[in-house]
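Each of the two complexes below includes subunit A, the first together with subunit B, the second together with subunit C.
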Partner chain A sequence: MAKTVETTKKFNPKFGKKELNLLTRLSNALAVSGDEQEVRAIVYEELKEFEASMHTDAMGNVIVVREGSGKDRVRVMLAGHMDEVGFMVTKEDGDGLFEFTIIGGIDPRQLVGKPVVIGRDHVPGVIGAKAIHLTTAAEREQELKVDALRIDVGLGGTKLVKLGDRATFDSKLAVLGPSLRGKALDDRLGVFTIIQLLKNAPENVDLLAAFTVQEELGLRGAKTAAYHLNPDIGIALDSTPANDLPDFDGEENTIHNTMLDSGPAIYLMDGATIGDRRLIKWLSETADAEGIPWQYRQPGRGGTDAGSIHKSRAGVPSVSVSVPQRYLHSAAGLVRKDDVLNTIKLLHAALSRLDKSILSSQEK
Partner chain B sequence: MVKNKKNSEELIKILEMLVETPGPSGSEHLIRQKIQDEIRDYVDEMYTDALGNLIARTGSKGEGGKRVMVSAHTDEIGLMVTHVDDNGFARFISIGGVSPLTCLGGRVLFMNGTRGVIGIERLAANEQPTLAQLFIDTGATSKEDSTVTVGDVAGFERPLLNLGKRLVAKSMDDRAAVAVAIQALKTIKKTANEIYFVFSTQEEVGLRGAITAAYGVDPEVGIAIDVTRTGDTPKGVKMAVALGDGPAIKVRDASFIADPRVIDWMVNEAKAQGLPYQMEVLEAGGTDGAAIQRTRAGVPAGCLSIPCRYIHTPSEMVDLDDLEQCVVLLTGLLEKAIEL
Partner chain C sequence: MSFELIPFLKSMLSVAGLSGYETPIRDVITPVWQGLSDRTWVSSHGSLHAIRYGTAVEPRPKVMIAAHMDAIGLMVTDIDKGFLRFTQVGGVDQRILPGQMVIVHASNSGETVELPAMVVMPPTYLLPKDGGKGALPQKYLLIDTGLRANEVEKLVRVGDVVSFATEPRELSGDTLSGHTLDNRASVAATTVALDMLSRRKHQWDVIAVATAQEEVGGIGAMGAAFDIMPDFAIVIDVTFASGPGGSSAGTFELGKSVPVTWGACDHPALNKAMEECAKEYEFPITRDFAPRGSGTDAWDVQVAQAGIPVIELGIPLRYMHTPVEVVSIKDIKRAGRLMAEFINDLPVDFMKKVIWE
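Our next item is the complex of A and B:
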């Protein structure tokens, strides 16, 4: 398990023009749970070289199998979800106004005043609310419920909007010095990471990549993908909140979840999975050996695709690794480029030293 | 049933060993080892699956026999450290259903041997405590000299208390069932069935071990063994089950409706053996039976329940006669050819 495989070339991921362009397309795409077509198209385009071993399953997951060439290869499932949280149009009110519902977890307080795009045509609109000039002091104390909000397309794209269309925040990826700001980085970063790993795959393992659907609604796509792939181990690549801003009272922050600049976050336990101790050890020891910064994601709630993978068939040892992100599930999340690169670096280094002895070690 | 003093003593001894071994969900390696050592001489085959379930087979399928899965979970509720602060206090979250009220003043034992006590922030008058207000004091004075860190797991620490007819300990849920399964496994002499005893993991966080074990074993009939609540304490829940009234045969709980054929099978066996039994309808909770029932194309499944007071506290109470009768009932069920 700690053996370095000579045949695997060193891989030093970077944020060059090409990578930034790919992540920009991924982040800006509209792929709310259940309608992931835009991201699926990008994955297909980006992974043309794997066309022969790529397919879309009944749920819409994109499955790519990249076989290595070594002996006794571990079959590793990598899951990153294509879907994002967002909205669904539920009713047309006339005058360019549409009722909508939230798909996945978005704090309704995030909605007011946000530009959005709707459907495959990206019809622009805005989630409006009464101007401050006209609200009373009492009204301003009240949170606006989703039922009271509408998407207003200004009559422009009324004819192009259909009930059931998905909508998302109209945000474009931006580079802010060492950081990236954008929507849907949960989990386009996972998609991005898996694409990089496939293109620079270590030879000693079989990579079973699943670009999954409907994660935000209950890890649904990963369930069928894991059943199909029947892997030896599973790794979910995701993004998790960084609640690392200073406390107002100067007290020690005991609930940061993760922190920016501290590297990939390895999961111990969330609401859906207790991480396999052997895999946690393998990842953390690899990071230490390679001098890659890493952190534990604090044990807590929530879930990743690992929640579905580990319960598949007769069981799959599984773990999750996330990129820390501020302001998750909003119009604009914020991540550090280095945390993204270190996540890719860690996965590549860990996969390069993986062999079957990991599954026979005693403690689990 | 004739009471055998030697059998009782052995059952208590095994139970004591089981309940005093820490093993919260996901950290079942110590308890698994203890069970392995206990049953090694009585099984035809034994292995551990990807999720840590210990699966032990006895017997092979003969005339009229079935492949049976019997599941008793090895994990218990516990705590996992989320943060150690500058002064060495460890914050934690629960593993499974832990009430803040039962934590106060509690003592915990970490998997790495560290011990600690649970303290609480100052509460306002009449404020209900939450887990976020609690912390473990391991005697450390700083983050640096703390012997626990983020991710370390602890179980509650209490020795077995023998009150004569009644026994008290933490993790009677579900070590009492593990003890019943072990004793039945040892007692079974001849059987037409291929019996897989599954000592399952991660039940307290969602029947996770049993889900994968059931898929792997692919049984034709399944029995979970677990504890159930009782309605016999002062101003307690309204429920027909009472401590000391014999094994409880589950009709339903919040996770599944037991297969009526399995219920009949259990009732008929209890009657045939002249054992007391009671029917159980539990409004909350779930057991491995639900996981077995819904595996693959579906499996007839039920649950043999051990009445237990004060579940998910560090002082869970069971009745010795109930336990012994469960062993006899389970042994009878598994020895004979099964017709559903």
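Our next item is the complex of A and C:
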């Protein structure tokens, strides 16, 4: 007889000093797609206890396997991406000034007048703009294009920066009342969540954790990670836009995607994946049973690592769960602490009640 | 009084002090200037005045140094479902606003609470058709405090000021970036001058003024000039440094010179005397042409009472009126030293030379 799930201890995640410190380090790290080393180092440091079952694959994904005990354990892949959108310095243009290019989906209108950091040494720089006094009214209606902007690290700064260095916004994680404001919360929240789940792993499942690379360039790291792990099911833990702002004309905003304070967002369908209906049911029923607030992410475009995982090998039933976040891919996003904690809580509770019967259910 | 330039400048760049709301910056400058002067007082507009008495017998001639301390920023105009709409105080290019870190000085609870916040750009489909392209008009931007709507209603009210929150950072090559270097870089230079003069025996009285409300039209300087009625005035403000996005015409390289303004506001005899002083002490200077006025406090100081002769100095600054303005520390020191040497060398009868010819 299969081990019953009641033996798994309750897990009540919180934002104590330790957790906030970890998320701060994760958010402030510079790890633009293709150069994820800073976050990789944090993951290794944080998960020392799993050293024996941890490795970095050919692409740079960090893979951690945490086996449970008992029979018939479901092999669950959890994917959270380490990379963030950002910049690469591509050309020197005079004393301490550099041309740069955008990596990932950043609206160029978000760049102007921002402090940035460049390279492994986090060399400080700024993206400035011409003085308003020297612009015309017509000019101020035009958006400033990337090729007109420069990263300025100061006079004589040429030696501090190497062409090819990655750069990102210099925004430090901050607590704003019930919210957290920080850069790269897409998807350091996923990385953070998986670290919490590994450290408090339910015994009834095998957790196959993938801290993935290059998600922002097309869900690329998850592809090789899923192949290697060969899981029974896959869950992408990511962050999705909460477009819950007022509409400009006062009309009701019906296309919010998700809303803050409404709990983890379960995906029915995005641009890359149709969520497995059995997994959606499992997650939403768990949330209801545990009294955890949750919401559907409005079906639409976009994609998470689930888009790669569900097409791995002969196919892997997959779903995505995201923390709702405002202003992704800008100098800083904004999330509610409660939404982050409820996401961890939901995943822990759902994993704790998971057994192989889910795969033989008739929902399909 | 120990005065250290970079820490002092950074502390000035770490506080608000929008035009008309200068208390936070005045509170940072006051103790430093108190240590370098004989007396300080606050004007009816909120400018900070500090006098160093000269050694000449009374009635002594007096020179005023004016450097504005106020900052550009934003002001709340409406609260919409927990988000704030806003207008500008001073001239802000709307294109620098999306994603900008700010502080809302929320006053609805009776005391002012500083709320860290962010200017945000709503997603395209919550905007009218033209919102997806070009610069996003400021009227569509919002401020998010991260607080829930009921909390925002409790704390914030229309009229609360919003300051930039970007922290000052030292960059390479003795340069520094931050918000409101326009014109706290010049307050720093003025402090360098006061510090030097505190170890000299200057004959003239020197009145340094950190002026209020320059960004909305030379208001503090206007009152200061009337009140002090100096024999002549030095107005110091930032000017355009060469850099990305700007034309090279009429701009100055960082770290290379003190631009001395030449235009209708500037008395030719003072200009000549300043050039001679710079030559004597080997300060590199350049000419900043402002034929129709330079847009500084000089405009209002010159026409106070029966008229005041004015000379203007500049500090080259990149990215003026953005929260990441960049200045060279060398330029600040040099401008301060030039002012100190100039004032220290003023003979009691200097004004006899300030004539029209």
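One rule holds for everything that comes next: the second predicted complex is superposed on the first by the 357 of 364 C-alpha atoms of A that agree within 3 Å, B and C clash if a C-alpha of one lies under 4 Å from a C-alpha of the other, contacts with A are read in each partner's own complex, and residues count from 1 in each chain.
Heads up, the rule we're going with is that a contact is a pair of C-beta atoms (placed from the backbone, for glycine too) under 8 Å apart; a residue touches a chain by one contact, two chains touch by 3 or more.
Quantities reported herein were computed from a predicted structural model and do not represent experimental measurements.
Chemist: Clash or fit: how do subunit B and subunit C relate after the overlay on subunit A?
Modeler: fit
Chemist: For A:Gly164 in the superposed arrangement: first (subunit B), second (subunit C), both or neither?
Modeler: The answer is neither, since A:Gly164 touches no partner chain.
Chemist: Please work out whether A:Ile255 is in contact with subunit B alone, subunit C alone, both, or neither, and reply first, second, both or neither.
Modeler: both
Chemist: Put down the vertex angle at subunit A formed with subunit B and subunit C, C-alpha centres only, nearest 10°.
Modeler: 130
Chemist: State whether A:Gly105 touches subunit B only (first), subunit C only (second), both chains, or neither.
Modeler: A:Gly105 contacts neither subunit B nor subunit C.
Chemist: More residues of subunit A in touch with subunit C or with subunit B?
Modeler: If we count touched residues of subunit A for both partners, the winner is C.
Chemist: Does the superposition put A:Tyr296 against subunit B (first), subunit C (second), both, or neither?
Modeler: A:Tyr296 sits against subunit B, while subunit C stays out of touch.
Chemist: After superposition on the shared chain, which partner residues are touched by A:His310: those of subunit B (first), subunit C (second), both, or neither?
Modeler: In the superposition, A:His310 contacts subunit B only.
Chemist: Contact-wise, after the overlay, does A:Ile274 reach subunit B, subunit C, both or neither (first, second, both, neither)?
Modeler: In the superposed model, A:Ile274 contacts subunit B only, not subunit C.
Chemist: For A:Lys114, is the partner it touches subunit B (first), subunit C (second), both, or none of the two (neither)?
Modeler: It touches subunit C, and subunit B stays clear.
Chemist: Would you give the minimum C-alpha distance from subunit B to subunit C, in Å, for the three-chain superposition?
Modeler: After superposing on chain A, subunit B and subunit C come no closer than 10 Å at C-alpha.
Chemist: Taking the stated contact definition, name every residue in subunit A that is touched by subunit B in one complex and by subunit C in the other, in rising order.
Modeler: Common to the two interfaces on subunit A: residues 255.
Chemist: Report the residues of subunit B in contact with subunit A in the complex, numbered from low to high.
Modeler: Contact set of subunit B toward subunit A: 25-27, 29, 48-53, 80-83, 85-86, 91, 93, 95, 132, 150-151, 202, 205, 208-209, 211-213, 215-216.
Chemist: Enumerate the contact residues on subunit C facing subunit A in the complex.
Modeler: 80-81, 83, 91-101, 115-118, 120-123, 125-128, 131, 133-136, 140, 142, 144-148, 151, 166-167, 169-175, 177, 240, 243-247, 254-255, 295, 318-326, 328
Chemist: Can you tell me which positions in subunit A touch subunit C when the two form their complex?
Modeler: 93, 95-97, 107, 109-110, 112-115, 123-135, 140-144, 148-150, 152-157, 160, 169-171, 174, 176-181, 241, 243, 245-249, 253, 255, 261, 326-327, 330-332, 334
Chemist: So in the complex, the part of subunit A that touches subunit B is made up of which residues?
Modeler: 252, 254-255, 268-269, 274-275, 277, 280, 296, 298-300, 310-317, 359, 362-364
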